[in-house]
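In the two assemblies presented below, subunit A is common to both, partnered first by subunit B and then by subunit C.
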Partner chain A sequence: MADVEFHSEEGSGSLEGDISVPGAARTDDELSTLDEPVRETIMRDVKAVGFKFYHVLYPKKSQMLLKQWDLWGPLILCTFMAMMLQGSTDEGNDRKTNDGKTNDGGPQFAEVFVIYWVGASVVTLNSKLLGGSISFFQSVCVLGYCVCPLAISLIVCRIILAAATQNIALFVIRFLFVAAGFAWSTFASTAFLGDSQPRGRKILAMYPLFLFYFVISWLIISHTHS
Partner chain B sequence: MASSVSIDVDSEKNGDGDLQFQDIPHDDDWAPVSKPAEGGGKTHTFTNFPHSAADSDDEDEGEKTEFLKDKKNMSFWTFEYYQQFFDVETTQVGSRILGSMLPRPGGNYLDSHIRPNPDLYGPFWICTTLVFTTAIAGNLANYIQAAGQNYHWVYDFHKVTFAATAIFSYWWVIPFILFGLLWWRGNPARYTFLELICVYGYSLAIYIPISLLWVIPVGWLQWLLVVLGALLSGSALLLAFWPAVREDKKQVAFAVVGVIFLLHAALAMGFMLYFFHVPSKAASPLTPINATTLATAHPADHQLLKDLPPNLATQQPSNKAAVHTQNPGQGSPQNNINKPAGGDGGSSVLQQGPYQANSLNSPSGGAKGQPGTVPDGNRQQRVDTEKTQEMKAVGDGVEGNLLAGLGAKQ
Partner chain C sequence: MADPSPWQATRPTNQGSGGSAVLSMEPEDVDSDGGHHDYDDPDMSKDSQGRNEGSSPGDDFRQRMSQNMTQMMWQAGTQGAKKAWNVYGNIDILRPYFNVEPREVRRRLLYSLIPRKPTAQKQEVPRELYGPVMVVLTMIALLLYQMKSADHKVADGTLMGSALGTCFMYWLGASGLVWLLAYVCSVRIVMVQILSMIGYGMFGHCIVLFLGTVIHTSHDHLFFYLLWALVGGLSTLRMVCIIMSRASGKTERIVVMATLAALHLLFLLYLHFAYHTVVEELSQVFDSQLVPEPQSAAAADSVMEKSQAAVP
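Moving on, here comes the complex of A and B:
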């Protein structure tokens, strides 16, 4: 049995402080999100998404994208791109294939969706299997957000396609825009994800990233139906 | 394992039923024991397991293989189990790729490069890259072959899905069959399924640059690339598998090796013919009138449109048609594109107006491809917008017209 000795506490007065669980809402001091206007709740998330887009477009090494990940941005981008890139299967145009539908050979909406999400997941899985230190959703978030420059180049291509009848010069311009978007996306994502890989495997982890954005760029440049 | 000890539990052999427990030098035979004396590290010695294929190469590498055996006992459902298949460095992957493309006579690719650490990173990403390079280069080749014709070429995304199915099936199914065969034959070289997958995956690496070179629309060059690719990586494959079958009967050994090589070459040929092939042509120049050409790319889909019976042609006096005679040897259902020797310049290539020049997946409602029935591969190209309206009118009856036309042309 241990001796219990009570020592007098020199130098300490009465105990003070809060007994609180760190991380729990202190309901007296803060409003929960149920109490604030809906607009504020939504705007907070919108601002977070916008902030991340800004960081992708002007990539500086920041932990912002990684620490507070969300998938809104990737969802918006993916839906946008799938809508723009899907091949049309309209009937009743003046040209027909023998099955009665015009088909401009592009992917279906679902195919773009699958390429985007499954592609991002596979690239993430790959980097995790190689020993990367980033979490799954953080990586998917970064990969998804970094498609933003390619989405911008898709918009530019669409404008070019709609503006004039096509010729070689316009094709070259479109190609340059898509190439620039590809380079920007790859650079942005390597800036965010590069450090999480073990040395000696950086190229192994970066190559799938490159392939992912390359495939998306190819989808964009091949899309010629306006 | 040099240090493994086989334990005879003699107690049951005693006829009179006495359990005589012999003084067995090991404390615990049936469970892994720590042997701190061995090599200074904690090692697990499994002495009673069958000599599995995974342990075949462990004669010299005491600690490392002990560690590997340890790793292989992780649960199938944990993430770490799969991490062991990605335990490669960049340089290792590079050297494996090079080794698969440049066979060294007398060397065994599997022994020298893959063992003892087969990985799945290389094969998976090589196959994925090959899928996309084949699809992209196939579209590019299609575009180049169609250049000069007066229609709006559109790309075909579904080459990707087709290529993916073909490549991933080849990568998995053939090693599976081969593993079954080796297992049936006793597997003297102790190849694991993972190693087979690994070798097969890396053997496809050479087709990546070849698929890019296949874009060049020169027929003999494409065939040359087929031969080169099949020979180089096929021989690396053969050299890797020869030790596994050479102890078998001569016929079986040669048969297996021959089939491996044939399948590899068939894959290359199939890709080339399906995505890239340039048929040789002896064509009179095509002078299209209007912007739209009903170019025929895929026999299965456009048989109807191109082989309209002559009577339809005569009804369109303004229609000029070029008759291309194709090499009869190319009746295979491949991507034959009629390339007119002359055409209305390049200005219209990128015109608006979608038309599927090369549809792989448009389900032919009325017509199925009849590559074998086309007499001498005659193709006709109709160049007219009025023709399209006529198509609409003809509708489902085109097939009947086609057959009639074929009969007429005979």
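Moving on, here comes the complex of A and C:
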């Protein structure tokens, strides 16, 4: 009880200081995000996402993707690819399997979804284990955004598949597009994530990344259903 | 240090009848007490309410049931989250096992196919998990490739999952079994070393699977058997030699060695034939369905005519 009295005496001293909240408007001139129109808020986020896509497509040394991470882009890309790669279940369109259900063997939505996120987390975990100086979500963000070139090659593949009857030449074109997308994705993610790894270990961190993009590329190239 | 003393002083008085001035603090105190009583209190109050209102026992039971369920779910959820967080937080524990140079990984991969003659000296086994994990991941990718390249038409989410499960379960399961046997038969080797050894041993599997898929001979398995005997045999021999050099008992070690060799070689056979037979059977099924089944000749003919008419 003696302690309490001692404290109550000292507690009478004034407490002063500025409370700074990171991200909040510091002065009155700066517009607070609380009372701005919703449209502006959304547009700002959309712009940030778009800017990150641009950075992936034109990779140069930039810390923006790492510093202001978000998972919007990866979510959009993942959903888009999963829908595009979704196997058709139309009747009469494809061959029947044993149980009478129709399935062209394309990957299911959930499969692509799981490959995408589990793959990204495995690559991230590996880079953490190797001693990389990067947070979990930063890495997942970069990996997710860097699928963008592959998504573009997927669009091209779908157009080619829809446009004409298939032959070897068209397959070669599709293959080239997917290979380019794969190389681009790997290169972009290496440019962003390479610096976070200790020197000499880069290749160890890049190997699972390579495998991850390889599997996604393989899903795209093997998707022959228009 | 001043804070705890009044708390501790007031707490007993809360439970007792209380007659002192401190009692006025009670409501705040209970509120700020935090999560300790949160789980117990609602139950008690509900019980008493149920008895007072005299509601039907079925309702009461259901209420309590749902409450218990939510509580259990909540606790299980928080426990799971805490565990995951702890694992992620304790990632440093695993870090030493991933401390390798690219050069070492390359050398170990190469040497996993070169057996060394067992001598009296113990053979070195690295305590490293980066290489094995990568080998297992590569193997999963290869299995996926194998299925796809064989024009595999099945709802393939499950097969993909099974590929993942097969590889990881073999790695962990075989290591666990060998560890148990090694422990019983007094082989001087620890779990991490076994994991590392078997993981690097699976590099041979990867090579065989890759070559078997790329150089695809559908009905003739001679090429595969050659690879199986050569590459699989070499990697098995390497592991057997390691066990041999580390065991003390002459007869016991044979058990461990035989188990390890059998597991390793049979797994490769399984990987090849399980997926290839699936592929072959399926392609047969599809062939037989594409070309109509000879149930009735007339029906078949009509279908043939239709299909021919549809082709141009």
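Quick note on the criterion: the second predicted complex is superposed on the first by the 189 of 226 C-alpha atoms of A that agree within 3 Å, B and C clash if a C-alpha of one lies under 4 Å from a C-alpha of the other, contacts with A are read in each partner's own complex, and residues count from 1 in each chain.
In this section, contacts are C-beta pairs under 8 Å (C-beta built on N, C-alpha and C of every residue); 3 or more make two chains touch, one makes a residue touch a chain.
Just so it is clear, the structure is predicted and the values come from calculations on it, not from any experiment.
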Inset, instruction - After lining both complexes up on subunit A, report clash or fit for subunit B versus subunit C. - result: clash
Inset, instruction - Could you tell me if A:P208 is touching subunit B, subunit C, both of them or neither one (first, second, both, neither)? - result: both
Inset, instruction - Using the superposition on chain A described above, determine whether A:G144 touches subunit B (first), subunit C (second), both, or neither. - result: neither
Inset, instruction - May I ask you to decide whether A:F171 touches subunit B, subunit C, both, or neither, giving the answer as first, second, both or neither? - result: first
Legend entry - Touched partner set for A:G181, first subunit B, second subunit C, both or neither: neither
Inset, instruction - With the two complexes superposed on chain A, say which partner A:G200 touches: subunit B (first), subunit C (second), both, or neither. - result: both
Inset, instruction - For A:A110, select first, second, both or neither according to whether it touches subunit B, subunit C, the two together, or no partner. - result: second
Inset, instruction - Would you sort A:L129 into first (subunit B), second (subunit C), both or neither based on which partner it touches? - result: both
Legend entry - Overlapping segment of subunit B (options 40-48, 256-264, 364-372 or 400-408) - the one that collides with subunit C in the superposed model: 256-264
Legend entry - Footprint overlap on subunit A, where subunit B in one structure and subunit C in the other make contact: 95-98, 101, 103-105, 107, 111, 126, 128-131, 200-201, 203-204, 207-208, 211, 214-215, 218, 222
Inset, instruction - Spell out the part of subunit B that touches subunit A in their complex, as residue ranges. - result: 79, 82-83, 85-86, 88-91, 93, 121, 125, 128-129, 132, 136, 139, 152, 154-158, 161, 292, 301-302, 304-305, 346-347, 350-356, 358-359, 362-367, 385, 388-389, 391-392, 398
Legend entry - Contact footprint of subunit B on subunit A as seen in their complex: 87-88, 93-107, 111, 126, 128-131, 165-168, 170-171, 200-204, 207-208, 211, 214-215, 218-219, 222, 224-226
Legend entry - Residue ranges of subunit A in contact with subunit C within the complex: 1, 3-4, 6-7, 95-98, 101, 103-105, 107-108, 110-111, 115, 122, 125-126, 128-131, 136, 200-201, 203-204, 207-208, 211, 214-215, 218, 222
Legend entry - subunit C residues touching subunit A - in the complex, by the definition given at the top: 1-2, 5-6, 9, 88, 91, 94-95, 97-102, 105, 130, 133-134, 137-138, 141, 144-145, 148-149, 151-157, 160, 285-286, 289-290
